[in-house]
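After this come two complexes, each holding subunit A, first together with subunit B and then together with subunit C.
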Partner chain A sequence: MDWKVLLEQAPSGGMTYLGWLWSGLFWTLAVSLCAWVIAFSVGSVVGVARTVPLRVPRAVATAYVELFRNIPLLVQMFLWYFVMPELVPKAWGDWLKQDMPNLLTLPFAAQFSLWEFTAAVLCLGLYTASRVAEQVRSGIQSLSVGQTNAGLAMGLTLPQVYRHVTLPMAYRIVIPPMTSEFLTIFKNSSTALTIGVLELTAQSRQISEYTFKTFEAFTAATLIYIVITMTVIFAMRALESRVAVPGYIAQGGGR
Partner chain B sequence: MPMIELRNVSKWYGSFQVLDDCTTSVGKGEVVVVCGPSGSGKSTLIKAVNGLEPFQKGEIVVNGVSVGDPKTDLPKLRAHIGMVFQNFELFPHMSITRNLTLGQVKVLGRSQEEAEAKGMKLLDRVGLLSQKDKFPGQLSGGQQQRVAIARALSMDPIAMLFDEPTSALDPEMINEVLDVMVELAREGMTMMVVTHEMGFARKVAHRVVFMDHGQIVEDCTKDEFFGSVRSERAQTFLSKILHH
Partner chain C sequence: MLEFDWGVIWKYRESLWDGMLTSLQLFAIALAGGIFFGTLLALARLAPWKLVSVPAAGFVNLIRSIPFIMAIFWFYFLTPVIVSKFTGQQGEAVGPFTSAVVAFIMVESAYYSEIVRAGIQSIPRGQPAAAYALGLNYWQSMGHVVLPQAFRNMLPVMLTQAVILFQDTSLVYVVALKDFLGAASKAGQLTGRIVELYIFVAVVFFILCFLASHAVKRLQARLAAGR
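Let's look at the complex of A and B:
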């Protein structure tokens, strides 16, 4: 084992191989967190839409979930990156592919363009949204219909019932599976390497190719991923106990 | 004009008829007990009164407003009809105080202070003022149901609907809830109560409605009902229910 190799000067970027790993970590976090913002907000809207007593929003939301969760993530990456620019008017497609700023000018220099980053974020975000939507829906449906009725009976409108009665409990109930989704988004962000985003996995592969230190390169990446996911797990546990409802024991109920 | 009037109400789940041409009414200040075997449609009937259960035929008029009319502002109508459920349905993530103020603030537009003052007064009335900062999960079933009654009363309802309010309670907690309801009835509250508690019916009901298979079989005064019930089905039901 030769960990010192990480401190050697890398052939590009004006940094050491360790610098490459840091840069990779930065882009892994950037892709994952941006995608999570999309996943959580779109997923919440879609998940709620799947439970409302209105035919059209429900059908649209169901179609969304089935579309995005039934295509392999890797294929979706290629669809966003390669196919989407061909489907929009030619001028837009060219702009996406050629004129989006190169990220070389940003800190944590990366040799890919903003389009690669954007495609990765959209792909990962909208894919994960379909999974988040199902978690939100199952959370809402685990509550008894009596809760909704109680809200409606006191004169709240349906949006108010969601806002004050159903969603606060539903989100609490789905914190454990939502933690899994949040973890998965960091791990799935590695697929962004296939469209040229130099995130953590891409960087470690690059290091292994340049130095032949395969074990060191991928062990380092593994450890960094574990640090990320453990941080998420502890943060979500802290959140769970912070919002715990005194005296509440989950009680299943039909809907 | 009665406070609550049901005229020829019918409802189907697919081809199964849950309500069959139901006609009855509840006058102002009247207490009507609805009873019948399980599956007879009594819960569906009471939920139709405030529009929680849609129905396909007939008409329900509450305080002059037609419930089934698509133009009716249901939230506005419901704000003035209190409802108490079998499973209490307090909001578990809110303190007792917030359970009591949510509707007052969000629906009636009262200030937080005003809502709290009103809520605490009613909480005191059901004997639970000391529990105001607790959460529903920390209260017993009977206590939760008393809070639920206080919550409904905090909206200054013109009528109260009770959907089997004591059916989910342990026997020793039934009376603490019934006591609150009896007191309410004696104060002249308009009440429609789905219950098997015949003692309660004897004590405060003005009229008793007996349902079976989605139909209203008996609709008579309390004395007639307990004295000389006409239908065989009601007699069988009574003989089963009064023996324990």
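Let's look at the complex of A and C:
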């Protein structure tokens, strides 16, 4: 085993191979966090829409979840990246494919354009939104109907009931499944390597191709993944015990 | 905007069908292997001996904290190395399909072991206690008392995971194995008709997974009603 290889100068980017790994980690986190913003907001809206007593929003939200859950993530990635630019007017498609700024000038020199990054974020965000929606829905449905009814009986409107009664409870209950959704988005971000985003997995494979030190390159990336996963789990447990609802089993964040 | 030419799908029907067969083959082997080794892993994890339970837990947590694609790369790299070490054969003798199969079985067994573990833990403690009181040992009480009940409880979750596994087979694209998606991708490169081919792939996956997940939901409702 030869760990020193990671400190050697890499052929591009003006950094060492270890630098490539950091750059990969940066893009993994950038894709995951941006996608999470979409997943959380769209997923919350869709999840709430699935529980409201109105037929049309419910049908639309159900269709959304079914559509995004039943197509493999990788296929969705290709639909966004390859197919979408062909379906919009030609000028727009060309702009997406050719004129989106190159990210080379940014720190952590990326050898791909903003379009690859955008496609990955959109795809991952909207796909995970369907999973977040299911968590939000099950959180809301786990509350007793009495809570909503009591809110309505007190004269709150339906949006007010959601804002002040249902959602504050539901979000606290769904923290553990949301944590695993976040970890899923973090791991799924490696799918972006298929459309050219040089994230952590892609960088470790690239190092192995350049140096033939596959074992070292993969181990380094694996360790980074484990550290991030652990950090997220501990942070979320702390959050969980801070906002725990008194009287629920999950109180104190213990499991 | 471009004009569609859906004829390309008919023209490449044979290679698309071959790709689908590869996907289904990988799916079937990974499912069987994943459930089998996943059950063993779950039993090992719950076993009262640290020497068995700690490594099993370590393996499951390791696999679950890295991306599926990273795990595919790992086993794609390791399988030929290990095989050549044990058999003295050239590593190249292991084909890409075998390596992919090993990767999928390993990853799925980690995922399934969590499902089986939850299923076993849903069985009341009195059941294994009664089995021990009757003089059965660990493996006997698991095999004859706990597992048969646990499997019935976890059937819906296992089938849901199977639908996810079927979708995940498309990830072998990253090691250039010609599965359904890979076949479509190849045909797309040859003809320049990637739009039609990727939409076709999405529609086929959607129909299959939609029907399967609804069948699982109906089964779940029926099992719940049978209680």
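Simple rule for what comes next: the second predicted complex is superposed on the first by the 247 of 255 C-alpha atoms of A that agree within 3 Å, B and C clash if a C-alpha of one lies under 4 Å from a C-alpha of the other, contacts with A are read in each partner's own complex, and residues count from 1 in each chain.
Assume contacts are C-beta pairs under 8 Å (C-beta built on N, C-alpha and C of every residue); 3 or more make two chains touch, one makes a residue touch a chain.
Quick caveat, the model's predicted, so the values are computed rather than measured.
Student: For the overlaid complexes, name the partner, subunit B or subunit C, with more touching residues on subunit A.
Tutor: Counting residues of subunit A touched by each partner, the higher count goes to C.
Student: Give every residue of subunit A touching subunit B within the complex, in rising order.
Tutor: Within the complex, subunit A contacts subunit B at residues 144, 146-147, 149-157, 160, 164-165, 168-169, 172, 245-249.
Student: Which residues of subunit B touch subunit A in the complex?
Tutor: Subunit B residues touching subunit A: 47, 50, 52, 74-76, 78-83, 85-87, 89-93, 102-103, 106-108, 134-139, 151-152, 155.
Student: Note which residues of subunit A are touching subunit C in the complex, please.
Tutor: For this pair, the touching residues of subunit A are 66-67, 69-76, 78-79, 82-83, 86-90, 183, 187-191, 193-194, 201, 204-205, 208, 214-215, 218, 221-222, 225-226, 229-230.
Student: Flag every residue of subunit C that touches subunit A in the complex, lowest number first.
Tutor: These residues of subunit C touch subunit A: 1-2, 62, 65-70, 73-74, 77, 167-168, 170-171, 173-174, 181, 185, 194-195, 198-199, 201-202, 205-206, 209-210, 213.
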